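Each in structure tokens, the structures are laid out below.
You will see chain A twice below: alongside chain B first, and alongside chain C after that.
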Partner chain A sequence: MLKVNQLDKTYGQDKHSLKSVSFTAQPGEVTAIIGPSGAGKTTILRSVNQLIRDDGGQILLDDQDIRQANKAELRKIRHHIGMIFQNYNLISPLTALENVLHGRLGAKSTLAGMFGLYSTAEKTEALALLAEVGLKDYAYQRCDQLSGGQQQRVGIARALMQHPKMILCDEPIASLDPKSTKIVMDILRKLAREKKLIILINLHQIDIAMSYADHIIGINDGAIVFEGPTAQVNDAVLQKIYRQATEQKAKVAANEA
Partner chain B sequence: MKPKYTSPQQFFRQRRTRMGIVFAILLAIYLGSVFLVKFQTFSSLAQVPAGLIWLFKTFIPNQHTTTYLGPIFYQLWRTLIVSISSTICAAILSLMFAVLGAKTTSPNRGFQLTVRFGASLLRNIPVVAWAMILLFSFKQSDFTGFLALFFMTLGYLTRAFTETMEDLDAEKLQALQAVGANYFQCVFCGVLPEAASTMTSWVLYMIENNIRDATLVGLLTGTGIGFLFSQYFKSIRYDAAGLIVLLIAVLVIVLELTSTQIRRAIA
Partner chain C sequence: MIENSSSQPNTIKPKVPNTERISLMTKPRLILRAVLAVLGLVTVYSLVTIDTAGLKLGDAFHSLGINLKAMFLQPNVGQDSWGVLLKALSTSIALTILTTLLGALIAFFIAVFTARNLSPNWLANTLKAVMAFIRSIPTIIWVLIYSAVMGLGANAAVVGLTFHSIAYLVKAYSESIEETPQATIEALKASGVRFWPIIFQAILPSIVPALLSWTFIRFEINFANAVAVGAAAGADDIGYYLFMASGFYFNFHEVGLIVYLLLGFAIILELISMRLRGHYLKQN
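So, the complex of A and B:
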């Protein structure tokens, strides 16, 4: 279980990005964070694996506080947290197979990782994972020759190679067409159900969040304004989540007129 | 501030006026300098054809010239080897400096500044000056030529590699950090593969460039094809000197074509 307690983050002098954010995400469930642009969705996600250093609070993954970990411990913790991105962030001149194997870097010695010395078992597993996301025939293709949807699935295979407890997904479908979106979201939901993973996902498409998420966290201007099962999300809740964004838009429109 | 135009016609009229002014300024600078150095444009141009004809008559190799082919090819070969070896040695060292100096991979700001300053110092000393300075310590030898090319190439490639690494998408490296990769793994599994093809292009370009520079350096260090050229030139064997110029051009063109092929193959 992921439990975030009173997480704070301030950029610069007084621009609050996160204001005492607390929520939980359960294994076996898809948890979606929704909210207007600039509300702090990405900051939350990247604080969870400490790519962004926050200013205060607690992040407990199975009762271990990630924020208290030292460098070596953090590396071990990160090894069990997969992450996928809007821009896939694969190493593009390398093959799909090599990118999937990068998922093992957190568990390997420095030298073995540097020179790509992977065991036969690791290579077999990487191929199996590529087959699992439907890319069996693309293992030896360079990643810059794959389509967006295929690259994102390589990203998922890389995350699975980490034997993760949790996968963080930062706007995973924002650059994908509807067909690829469905494939990627179906895979993510299946992983939550079958492997009992925590899937924490930033989304700006409300309809996708409503149809795939079990649990919804609504964030507005750095603060949580809703947390609960998807069934409880109604128009009033959505209005609350996206409130200021509409007000701000109105203000900007008024200024321009 | 947003520029305001009342109509597209006005926008394009303003743009034309601006282009006109730039052109007028350039013309004025040219005319001003012509006046200052008393350069006579038309009579100078008139001398060009006659000069070219003389050049062709004296420098065109004839049937007698082929006797020089042996020593020319030997020196050309040595020059090629010195150029390639100095570039490769400099490239290996540049790679290490660039990793230490690029913003994306640098361990700290001290390294960044040192590498940047060092590279720009090496780069901004002309290769001819390098050769002359090094002559004092290393005398007239191939090694002096090698070092002169090496230092200049080191400066150029360090700068080029640093910029290549800084242009990489920092998010891709973050993705490797998120996997749990440490610093060296990020550099070897992320930065180097991403930057490899651009860096190879730079190395190939520097090899081409160094063949041309090696000729010049050879004049000073008394080695290689440059020295042979000056020998023939000073002993009025113009046909042989002309053959050397021709062969250098052929060599550089062949190298260019080869490196284009290599670049296409790895891109």
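So, the complex of A and C:
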């Protein structure tokens, strides 16, 4: 279980990015963070694996506080947190299989990692994971020859190769067409259900969040304005989450008029 | 022919007020023309007043023709033998390979700490400044400096050539490293991968074509330098024989042969590099 307590983050002098953010995400569930642009969705996600250093609070993954970990401990924790990105962030001249194997690099010693020494078991597992996301025939293709949806699935296989407890997804479908979106989201939901993973996902598209997420966290201007099961999300809640954005738009429109 | 239907074509004339003279001669143009005029005058003056020291142009061109003919139409081994010259050429090639490989290897590790996206700013800037300083002094001068330390010979040539190669390649490599997208590095960092595995597994595969290209250019530069350095530092390579044949024995037949040998190797080098680049570009 991921439990975030009173997370604070300030950029610069007084621009609050996160204001005492608290929420929980359960294994076996898809948890979606929704909110207007600039509300702090990415900041939350990147604080969870400490790619962004926050200013205060608690991030408990299975009762271990990630924020208290030293460098070596943090690396170990990160190894069990998969992450997928809007732009996939694969090493494009390498094959899909090599990119999936990169998921094991974090578990290796410096030398074994430098020379990319993988055991047969690891290679077999990588191939099996590629088959699981439906890319078995593309294992030896260079990643820049794959489509966006295929690259994102390679990214998911790479995350799974880490044997993760949790997968963080930073706008995973923002660059994908509807068909690829459905494939990727179906895979993510299946992973939550079957492997009991924590899936924490940043989303722009409310309809996708409503149809795939079990648990919704609504964020507005750095503060949580809603947290609860998807069934409880109604128009009033959505209005609250996207409130300021619409207000601001109205203001801008009024100023322009 | 298309005839104009109206006798007076309809032209639009802007109304121009009567102003003072309009000049397109701006000040920078005026200065430029003045400088060119002065240079022209100096050239004419020096040509007219040149001291030819009784040189007869006809004779001079005649002997130039004879020498060029001896060099390029009648090349032969002169007082050395094919064996000696080919061995000297292989010494030059060996010198080039050794200094380029050593330089490339050392330069890659320094470049990692010189790339702004991998190392702290103060370290990157310091290394960049040191490398710029080393680069600004020509290779030959470094070889002569090391000759003063280690004595004339192949050792000074190797160290001097490697030294300058490192400074050159560090700049090229670190700029290639800086071009790898930060996001791909971050993706591996987020999964707990250590520093050196990221370098070798993520950055290196992305920049292999650039590294190869730069290393080959340096290989060509080092070959030219190795020939020149051979003469200067007495490294007993092809440059030394070229120097002796041209400046000591005045054997222009041998000079011609050595030039052909160098040309042949340069062509082979070019072919190899084209092949290699083609291979890696196809993969990309």
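Everything that follows uses one rule, which is that the second predicted complex is superposed on the first by the 257 of 257 C-alpha atoms of A that agree within 3 Å, B and C clash if a C-alpha of one lies under 4 Å from a C-alpha of the other, contacts with A are read in each partner's own complex, and residues count from 1 in each chain.
As a convention for this text, contacts are C-beta pairs under 8 Å (C-beta built on N, C-alpha and C of every residue); 3 or more make two chains touch, one makes a residue touch a chain.
Here the structure is a predicted model, which means the values were calculated and not measured.
If you put the two complexes together on chain A, you find that chain B and chain C bump into each other. Contacts of A:S92 after superposition: both chain B and chain C are touched.
In the superposed pair of complexes, A:G113 makes contact with chain B and with chain C alike. In the superposed model, A:G103 lies in contact with both chain B and chain C.
When both complexes are overlaid on chain A, the residue A:Q162 reaches chain B and chain C alike.
Of the two partner chains placed by the overlay, chain B and chain C both lie in contact with A:R78. In the superposed model, A:K182 lies in contact with neither chain B nor chain C.
Once the two structures sit on top of each other via chain A, chain B runs into chain C at 61-69, and not at any other stretch of 7-15, 43-51, 61-69 or 79-87. The intersection of chain A residues touching chain B with those touching chain C, taken from the two complexes, comprises 49, 51, 75-79, 81-83, 85, 87, 89-94, 102-103, 105-106, 108, 110, 113-116, 158, 162.
Against chain C, the residues of chain A that register as touching in their complex are 49, 51, 74-79, 81-83, 85, 87, 89-94, 102-103, 105-106, 108, 110, 113-116, 142, 158-159, 162. Residues 49, 51, 75-79, 81-83, 85, 87, 89-94, 102-103, 105-108, 110, 113-116, 158, 162, 168 of chain A are the ones that touch chain B when the two sit in their complex.
Remark: chain B residues 169, 171-172, 174-182, 184-185, 187-190, 193-194, 196-197 touch chain A in the complex. By the touch criterion given at the top, residues 181, 183-184, 186-202, 205-206, 208, 283-284 of chain C touch chain A in their complex.
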